[in-house]
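Across the two complexes that follow, subunit A remains constant while its partner is subunit B and subsequently subunit C.
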Partner chain A sequence: MNTIKHYLEIYRNFVATSTAEALSFRLNFLMITIVDTFFLISTLGSAYVLFSHVETIGPWNRDQLLFFLCFMLAVDDFQNLFVTNNFWMLSSDLKEGNLDYVFLKPVKSLFPLFFKYLRIASLGSVVSTIILLIYFGLRLDFELLQWALLPLLLLLALTLRSLIEMAIALLMFWTTEGTGINFIRLQLQSVSRWPDFIYKGLAKKALLTLVPVLLIGSAPLRFLFDFEQWQMLALLIVLCFVFFFVVRTMWTGAKYRYESASS
Partner chain B sequence: MIKTQQLVKNFVSYKKKPGIMGSIESLWKREAVTKNAVERFDLEIPSGQIVGLLGPNGAGKTTLMKMFTGIIVPSSGEVEVLGHKPFDRDKDFRRKIALVMGQKSQLWWDIPAMDSLHLIKAYYEISDADFKERVELMAELLNVEELLHIHVRRLSLGERMKLELMASLLHKPEILFLDEPTIGLDLIAQDAIRDFIKSYHAKYKPTVILTSHYMQDVQALCSRLVLIMGGKKSFDGPIGEFERLLGSDKIVSFNFSSEPSRDFFNAFQPKWSDNGLQVEIAISKEELCPFCAKVLEQFEVSDFQTEKLPIERIMKELMMRPELLNDR
Partner chain C sequence: MIANLNKWFQTMQISWTTLMAYRLNFALLVLGPALVFYFVKVSLWQTLYIDDTTVLQGFNLKEMLHYQSWSLVIVLLAQSSNGVNLSEDIRLGRISKYMVYPFNFWEFHTASFLSFQSLQFFIAGICLALLLFLDVLIIENLNYFFIGVLYSLLVGLFWFSVQYFTGLMAFWLDETWTMRAVFQIIVNFLSGAVIPLPFFPEWAQKVLVYTPFPSLTYTPIRIFMGDLSGLYQGLLTLFISMLFMIVINTLVWKKGVRLFSAAGM
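Now for the complex of A and B:
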């Protein structure tokens, strides 16, 4: 079996096991769906409140900003669906030595480490966010090329977000306790939910380069709204490669630090 | 097959004084404590053997297993398993080994075991036909056919351990590492696990490295024992040799209907029960039969038995008095 087929088959089984697990607890499944929906409503509601007082925020009007928020919510939801649960599990798995079996499997260990658990309950939220994204795209009169680019840009944004958070999560191999690390992740997510132009000075520079969370939403959407603004998108693509190598380098150090746990 | 040379593993931990002040002080001042879990360990295990790694808690058995399987990195020294350096974590190497840990699970807790087995099938690229055949065979041997579709969290410890064994053997490993596979199990479940390992080994001849605190496991399965004390190898040899480690005397106990004369037993270091109706003696193999015949003839013996598990007594004695090993 070739490597890609092998990994896809394993991933198919990750989906199956995570689905089986999620549907074992129907009430929990329902509660996560409800909480995700509330989050969606409150995020968009805040923007509506803001725009009841102002016409524009920076260069963007209400529909552009709502489209941006929906884009970021879609990145959140896809990340929740595919990766986030693994960040939450990592600290306890590290402390309790549950990564032993991850290291024994005949695949690159990073793969099960970050993709083993899916949050299937986020599926409902993914669907509703995509519907809203399309709705606000229609209000912005997107052309065919813009619609065609949208999934690709979403994928790029998701890739950068996930790579940044993987690099942050790998710090748990040094800290062991993951609460602080997860708190940093969540704070950076909050920061990235607003467009880059609301930030100023050194903070903005740092958030566009060192910890480039502002690129996640702003870079793809600046390009989507105006094809001449491609520079940030180019930076996002370069940083995807940079963070890929950061994650790989950190992993080399991290796996040496794993000491399992006494039994 | 497995070869180690001067293998060492150290763990560093920190001491903390008790209470809030101790916690605050530990923010800037921590006293590091280095524990030598495994010290200059040399070992060679050829293919197909079942070897028991014995030792008290914290002796370094599990640490050794984790170094053999590539889960943790040795601090120094060499280890080679099936021609691989375990910590290189070569995929081919990982396909050839399996580890079962009595205190950890690779089965997903909240779903039936069969779903986890399908995931393992994908990991090891097992064909549909092989998967079906192996699952059916092992499920029958372990008598777990009915349990495969029940959520793992609903199963008893013994049932879960049987399924753990299945999950670990699905890819037919060449080496099976068993770390306390019968821990916490009732006698019936322990027997079932032992019987399964025995028949699996007879059929497929994998190398098996077993750690256990139950001497019945060791007695039933292992031909060779390696004793670890304080991270160092203290004994390595056949089980029969281990049984003679502290002398070849047999331990015999007699139960009497009425109190016998104690003087008769004085030459054999007798240990009397409080009521004086039971005695345990240590006696040489040569003297055993004639002496027993005399006792049966002269006293009212209601029951007598020779020791069933001499290794258990020897282990107990060595754990209480490790200095005995220095006297060998």
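Now for the complex of A and C:
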């Protein structure tokens, strides 16, 4: 219990520091909000343009696809808020040897490594995406159980996405230059922003198992639209555990790879 | 004159060496995004077309795949440079050295861009050869193809002028990636890089004609696909836009450099 309290206290300080920093650079704060808004408009706008020419995309109609897109945008926004900045900072911290301080602190090093920096500017985007998610949920006539499951499914999707990206980010300890690794993350995100049924063949199999980014959105929503389609969701839960152990194992190896820039 | 050209060439050589020092990183930064973007687009359009006989806004599946493949070639030829190094030079105070070097800030970064562009040209050539070999693409007309390549290189210059502008914003902004991201998102959506312009509502098409966005992707794709109808308007738009960017960049540099204070000087 004391340990949890200790970590919560540390996290409270992370939030306070990130908030103070975000409010100090108000123009950056505004620019990030603009980026998120444009991204939202272009994503939903593309779907609207496509659906003015077709009735369905795969088995889904317009409202289902728009709900899926909002779900993925919500995953993006929550991840941006809580985790993403740490991946970019890891790249520079590794080169500059700033991780020395992380290792010296009396906490599990993975905690400050992936949760220290929050992107407070994403808060506005989180709110707008959640409002849109509720709007499209209402259009789909969701029942009480579906509404109750939605936050849990969002959390599961966010967990798998974050664990996969942590595993990818830890590759920076082997490659030295981390910008390219961060771009792999971004590319996998863009792949996962469309439902699994648009992909085919070997690529689809790989993206559902080896690097299971297609499960992030498709598994929860297939289940939410039809409770009989639970198999992919079960796979998502199993893979959350698998990737948790992958991250832990990689972290053990990564610590041995780290060369302090100050030594 | 020759001495100055030599400086440009030497800078390009240094830039080649720097880019090739981390080859995996270079591939992940340049080739990765374009190929993944292509993979997603092709997968999406293959799902949208129920069968080979479906025609959407004048495109059948084969033509749409040609369209998306030419879009990949254009992205590789013209839209991969970014102003990251430029903004870092400003943010980290490295522009002090350009004040004393006999080689200007813009000259150094333009030479670096040209070296980057030559590598991009090579990569785009390999991709094009692969797409032709796999029968995903066909060259309709060799003359139009060369016009398309030259036009795309011009788009590359305009792209660089915009990236140069976003880089210069580092005089005011702590992070300039936001400006690059906004520009990239708008271009991907409105230039026809994902959805060809005839798919847009009629009112949007009428508005887009008066913007430079169609000239960046849609027009060069049409040229590669054997339709020169948008060439002159595209060239005019590009020249006016570039002229505008050169004026803006000169003014922004003059204003920004007054704000710059070099630490340790």
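Assume the second predicted complex is superposed on the first by the 260 of 263 C-alpha atoms of A that agree within 3 Å, B and C clash if a C-alpha of one lies under 4 Å from a C-alpha of the other, contacts with A are read in each partner's own complex, and residues count from 1 in each chain.
Convention: a residue touches a chain if its C-beta (ideal position, glycine included) is under 8 Å from a C-beta of that chain, and two chains touch if they have at least 3 such contacts.
Just so it is clear, the structure is predicted and the values come from calculations on it, not from any experiment.
Contacts of A:Y258 after superposition on the shared chain: subunit B is touched, whereas subunit C is not. When the shared chain is aligned, no partner comes close enough to touch A:C70: not subunit B, not subunit C.
By the touch criterion defined above, A:V54 reaches subunit C but does not reach subunit B.
Once the two complexes are laid over each other on the shared chain, residue contacts for A:G97 go to subunit B alone; subunit C is not touched. Here subunit B and subunit C are compared by how many residues of subunit A each touches, and C touches more.
Look at A:L153: by the touch rule set out above, it reaches neither subunit B nor subunit C.
Once chain A of one complex is fitted onto chain A of the other, the partner contacts of A:F25 extend to both subunit B and subunit C.
Within the superposed three-chain model, A:Q187 lies in touch with subunit C and out of touch with subunit B [touch as defined at top]. In the superposition on chain A, A:A16 makes contact with subunit B only, not with subunit C.
By the document's definition of touching, of the two partners only subunit C reaches A:V35; subunit B does not. Within subunit A, the residues touched by subunit B in the first complex and by subunit C in the second are 25. In the complex of the two chains, the subunit C residues touching subunit A come out as 22, 24-29, 32-33, 36-37, 39-40, 43-44, 46-48, 56-57, 172-175, 178-179, 181-182, 185-186, 188-189, 194-195, 199-201. Partner subunit A is touched in their complex by these residues of subunit B: 11, 58, 62, 66, 69-73, 89, 91-92, 94-95, 97-99, 101-104, 106, 108, 110-112, 115-116, 118-119, 121-125, 151, 179-180. Within the complex formed with subunit B, the residues of subunit A that make contact are 1, 6, 9-10, 12-14, 16-17, 20-21, 24-25, 97-98, 100-101, 103-107, 109, 255-256, 258-260, 262-263. By the touch rule above, subunit A contacts subunit C in their complex via residues 25, 27-28, 31-32, 34-35, 38-39, 42, 45-46, 49-50, 52-54, 57-58, 175-177, 179-181, 183-184, 186-187, 190-191, 193-194, 197-200, 203.
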